[in-house]
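Below: the structure, in structure tokens.
Labels for the chains are A, B, C, D, E and F, by order of writing; each one numbers its residues from 1.
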Amino acid sequence: MMLDNLLDPVVLCFVVGVAAGLLKSDLQFPEQLYEGLSIYLLFSIGLKGGIELSRAAPGEVFVPVLATVALGVIIPLVAYFLLRRLGRFDRPNAAAIAAHYGSVSAVTYAVVISYLVRIGQSYESYVTVLLVVLEIPAIALGILIARLGSATGGVKWGALLHEVFLGKSVYLLVSGLLVGYFSGFDRSEAVAPLFFGLFKGALALFLLEMGIIASRRIEGLRYTGFFLVMFAVAMPLISGALGTVAGLLSGLSLGGTTVLATLAASASYIAAPAAMRIAVPKANPTFYLTAALGITFPFNILVGIPIYHAMARFAHSIGG
Amino acid sequence: MMLDNLLDPVVLCFVVGVAAGLLKSDLQFPEQLYEGLSIYLLFSIGLKGGIELSRAAPGEVFVPVLATVALGVIIPLVAYFLLRRLGRFDRPNAAAIAAHYGSVSAVTYAVVISYLVRIGQSYESYVTVLLVVLEIPAIALGILIARLGSATGGVKWGALLHEVFLGKSVYLLVSGLLVGYFSGFDRSEAVAPLFFGLFKGALALFLLEMGIIASRRIEGLRYTGFFLVMFAVAMPLISGALGTVAGLLSGLSLGGTTVLATLAASASYIAAPAAMRIAVPKANPTFYLTAALGITFPFNILVGIPIYHAMARFAHSIGG
Amino acid sequence: MMLDNLLDPVVLCFVVGVAAGLLKSDLQFPEQLYEGLSIYLLFSIGLKGGIELSRAAPGEVFVPVLATVALGVIIPLVAYFLLRRLGRFDRPNAAAIAAHYGSVSAVTYAVVISYLVRIGQSYESYVTVLLVVLEIPAIALGILIARLGSATGGVKWGALLHEVFLGKSVYLLVSGLLVGYFSGFDRSEAVAPLFFGLFKGALALFLLEMGIIASRRIEGLRYTGFFLVMFAVAMPLISGALGTVAGLLSGLSLGGTTVLATLAASASYIAAPAAMRIAVPKANPTFYLTAALGITFPFNILVGIPIYHAMARFAHSIGG
Amino acid sequence: MTLAHRKLVTIITESALESMLVKDLENFGVTGYTITNVRGEGARGKRKGDWDQNRTICLITICRSDLAHVILDHLAAVYFEDYAIVAYLSDVEVHRGNKF
Amino acid sequence: MTLAHRKLVTIITESALESMLVKDLENFGVTGYTITNVRGEGARGKRKGDWDQNRTICLITICRSDLAHVILDHLAAVYFEDYAIVAYLSDVEVHRGNKF
Amino acid sequence: MTLAHRKLVTIITESALESMLVKDLENFGVTGYTITNVRGEGARGKRKGDWDQNRTICLITICRSDLAHVILDHLAAVYFEDYAIVAYLSDVEVHRGNKF
């Protein structure tokens, strides 16, 4: 199952991307291609979610959303505690890293969905909503923790909420959701070839570039110390387990539980770093970027997802 | 019908784009993605037109082309007259704005076509030719009017004709037409997935960005005064009516008349501003851009097209 | 057959691109769109090759690869000899130009494949391997010849090999091959709409831009002299003939022979110029770029490919 | 025509700071500014600009010498410690002195 | 090696003027120029460069001091009134004086 | 605060030289550099930047005056003959003198 995952073209593209970075190939995607692909992917994810939502029963989504919010609070607290106590990180760095692990990576979400589709495992139609819901609480919490007792004036919450909710990634996901929800399945047919037909190919191409970018983060390891490496592998396993429990308790199916576990295990590298750089300037980006993007992201793509799927299967076999 | 139009994903994308701009989201398409999409859209429009033309009877197109040229002369004259007399604009500004309203917006054309396709309304295969034909006369006329009696030397017509005919937008449309016409339907099949399969999705994405750009133009309203706002809503209705009449008189079908009315009602924001900036430097871009892009373009996308369709239906019901 | 080739949309796009350049239209693709398209094309070519390879018999490819390596050595030697003796070029310039003609153009490869597909001519599944194999030897040989007896220290082979093997174009082709080979046909189905469905359309768009770029090279003719123009037309015919013979001798089918002849006839304008600029600074880029991109590339696209196909048919009719 | 002497302030820093810097400059009353996307390397490592967190901008503004020094001091106090940033002044001559 | 003193002319303006400015400079006999795509804000409002009519370029050319002043006066006479434009001079030292 | 005087070295050249130049600068011990993608025209023709072989970069580095001269001499010796390249020095004032 592990090997099977590694042979998916999306994952192989990530591998050749990482290799390009490690071998110092001069291959690099032009920055606007990277941005264009990420706009496309985020909007497509939202759109698909919105269309599916327009066919879902409205009440269904309530309990899983609550469970997801709970994850968005518990995971960063656990992470913060580990980083402070075991890792001896100072408050700003611990808070900033914790925010990254409490938030989510939309690309990891896209990969787990493509994984489930490939193995023929169904999942709840509204999981995109959980992706959106999980993106924000941890970021707010991280900022709050970092600022508690800090001398540097109050937090400009207005500006920050604006930054986070209207930031590129959340805005695109939510826009897609709304467009999909209101236009519905039939009206969206004519845009399907672009947004759905090409999705997996575009994801593969994007992961090639993400491989290059992630591999360049690895040189940050020199400065981060061994503890953070351990943390960046252990934390997703812990959050994945928490996500599995939350999925089971909130009544998600096996597929939905796998998605929620993967979301929980994923670490943000778009919305969280952008917010932390402004709101917690004392936190060193080398720490949170190396951990979230240099280690946890590859870990999840290469081996994490099958593990979370196994966790979900195990939980459902005993709890379901 | 109005609501139905608003729920089309292309139109909804425009709405979320406008919202992004008004809410000051930091979402913005990288400029080369914007340019890439506009190259793709213009070439695809031309290509589709060329392929359809290769199957049309050659004589058919003659009368509608003449009617379109007439529109390209009459509309800017009407607009100029209104702007000078009622709006009290000076000559360069009135001429420059008039040129914009006499010319066309290819994106608005694409949206009306997608509207007709969705509601199952057929139209003449050669309407793309009308799009190309209507693009230029008003621009030339606007420059001519602006320069009449102006002290600033003569117009460098050579440079200007070059600018307009070989400008990006006209060149791409015409290239597409030629490639489509000469390669024909069968040979073009292998390129169809890119140019036709993805068209509507790409249009949706492009309109998201156009929404952002258009909404930023709205702050120009502070400087333009109330008359121009009125003009930017009334003028498309007037030109739409003129276009409807021209369509009816030249024997176009209901669908074709709707297209011609929409073309007449649309205001240029690519070719015209580029030409005016060089040829009529005394005209203030804030005026023509706010009107054409900030008001008329959204008006046409959101509510104009169903109105022009209704106009065409009314005209055909009494005149046809 | 010639005319038939000219009416293919891919070739017509090249023609309107050249026209845009000659007419000095301001149409130009944004540079990151150009780069994005070239990344897409190279990776798609590799991916398709890899998938086909995963279904080919492993031994089959051995003899043709040997023949291709031989071509990669013989063609630059012939070219170097002609350029030195008849063209009176100095060593660095002759060596650099020879390297370009010994190496290959992946876009020309894509066009010949699309040509064969259109006329329904089958070819060996592993020809992409020949494309990759032919890319490099001539470049190494060109550098070696240029440096022989040159005072400027030794060649930094490490840096150069790195440059060539890990350069963008080779890396993308090889990555695509590996991803395609390991994921195989079934797993790649979900990425097929992007990488295969859109391929020909993207190639058409790319050739439009290549037409613009190539036509701008034509002004280089003022400096290159008449001999180089002759060379840039004669050399592909010579290499095409050598490629035909190599194809026949190594047992390739008619389609495969046409591909190998076209590869032999094509001149590199990505990998070779990049390597020459660094390794042979005394060679004037105006010479090799005008020849390879300004003359040979258009020659091959417009009339060369049908000629090489005719050569292959002739050879197979007498030799096969 | 005689030209006026002004200072050119150049700030090379993380693109994350763009909107804050622009607000700062507007508060200081500069009459305009120009921004270029760049990439580079310095004490805080390589910034290739290949993705969001890696982008660098170069912001310039022309202003009177006294204001230029005030701006530089402000940057030093607020941003130098925590961000990848370089700032410097140079001399320029402009046509319309009242414009800057 | 001793260096020669030259002026650097910098022009920040609407991209619509690019080809006209390049023609002007060539007529004045400059030996070269360099252009960067930029964005900015000034008396004529924000120019984010997000679409065609909003693009801004920064054009520089190195030349002798007298030519630099001629160019600046020409710009002031022809473009300052109607276009979003800023232009200034600064001092540079170059290696190959005859090249500029 | 008092400012320190430094030299700004500007190099405009083919993008093919980028990695070699960066290595050279690092060997000379500069503390950082900044690169912008540009286009232009000079003695070696138009460089529109529309495809790989046509790209031009503008590389700047701030350093002490003596190092600036050493760098310029090195460029002249190694690259001026065979490549499209322009390089010049100008004066800048910086806050943290020890940073450059």
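In this section, a contact is a pair of C-beta atoms (placed from the backbone, for glycine too) under 8 Å apart; a residue touches a chain by one contact, two chains touch by 3 or more.
None of these values were measured; they are calculated from a predicted model.
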Quiz prompt | Proportion of interface numbers common to chain E and chain F (over half same, under half different) | solution = different
Quiz prompt | Whole-Å gap between the CA centroids of chain D and chain F | solution = 19
Practice problem: Take the average of all CA coordinates in chain C, do the same for chain D, and state the distance between these two points in whole angstrom. | Solution: 46
Quiz prompt | CA centroid of chain B to CA centroid of chain E, Å | solution = 34
Quiz item: Of all the residues in chain C, which ones touch at least 2 other chains?
Solution: 26, 29-32, 36, 193, 197-198
Practice problem: Could you list the positions in chain E whose residues touch two or more of the other chains? | Solution: 36, 90-91
Practice problem: Identify every two-chain combination in which the chains touch. | Solution: A-B, A-C, A-D, B-C, B-E, C-F, D-E, D-F, E-F
Quiz item: Which chain A residues qualify as touching chain D in the complex?
Solution: 28-29, 31, 34, 212-213, 216, 269-270, 273-274, 277-278, 281-282, 285-286, 289
Quiz item: How about chain C: which of its residues touch chain A in the complex?
Solution: 30-32, 35-36, 39-40, 43, 47, 162-163, 166-168, 171-172, 175, 178-180, 182-184, 187-188, 190-195, 197-198
Practice problem: Show which residues of chain F lie in contact with chain E when the two form their complex. | Solution: 10, 12, 36-43, 56, 58, 72-73, 75-76, 80, 86-91
Self-check item: Complex contact set, residues of chain B against chain A
Solution: 7-10, 12-13, 16, 19-20, 23-27, 29-33, 36, 114, 117-118, 193, 197-198, 200-202, 204-205, 208
Quiz item: Which part of chain D faces chain A closely enough to touch in the complex?
Solution: 14, 16, 20, 45, 48-53, 55, 82-83
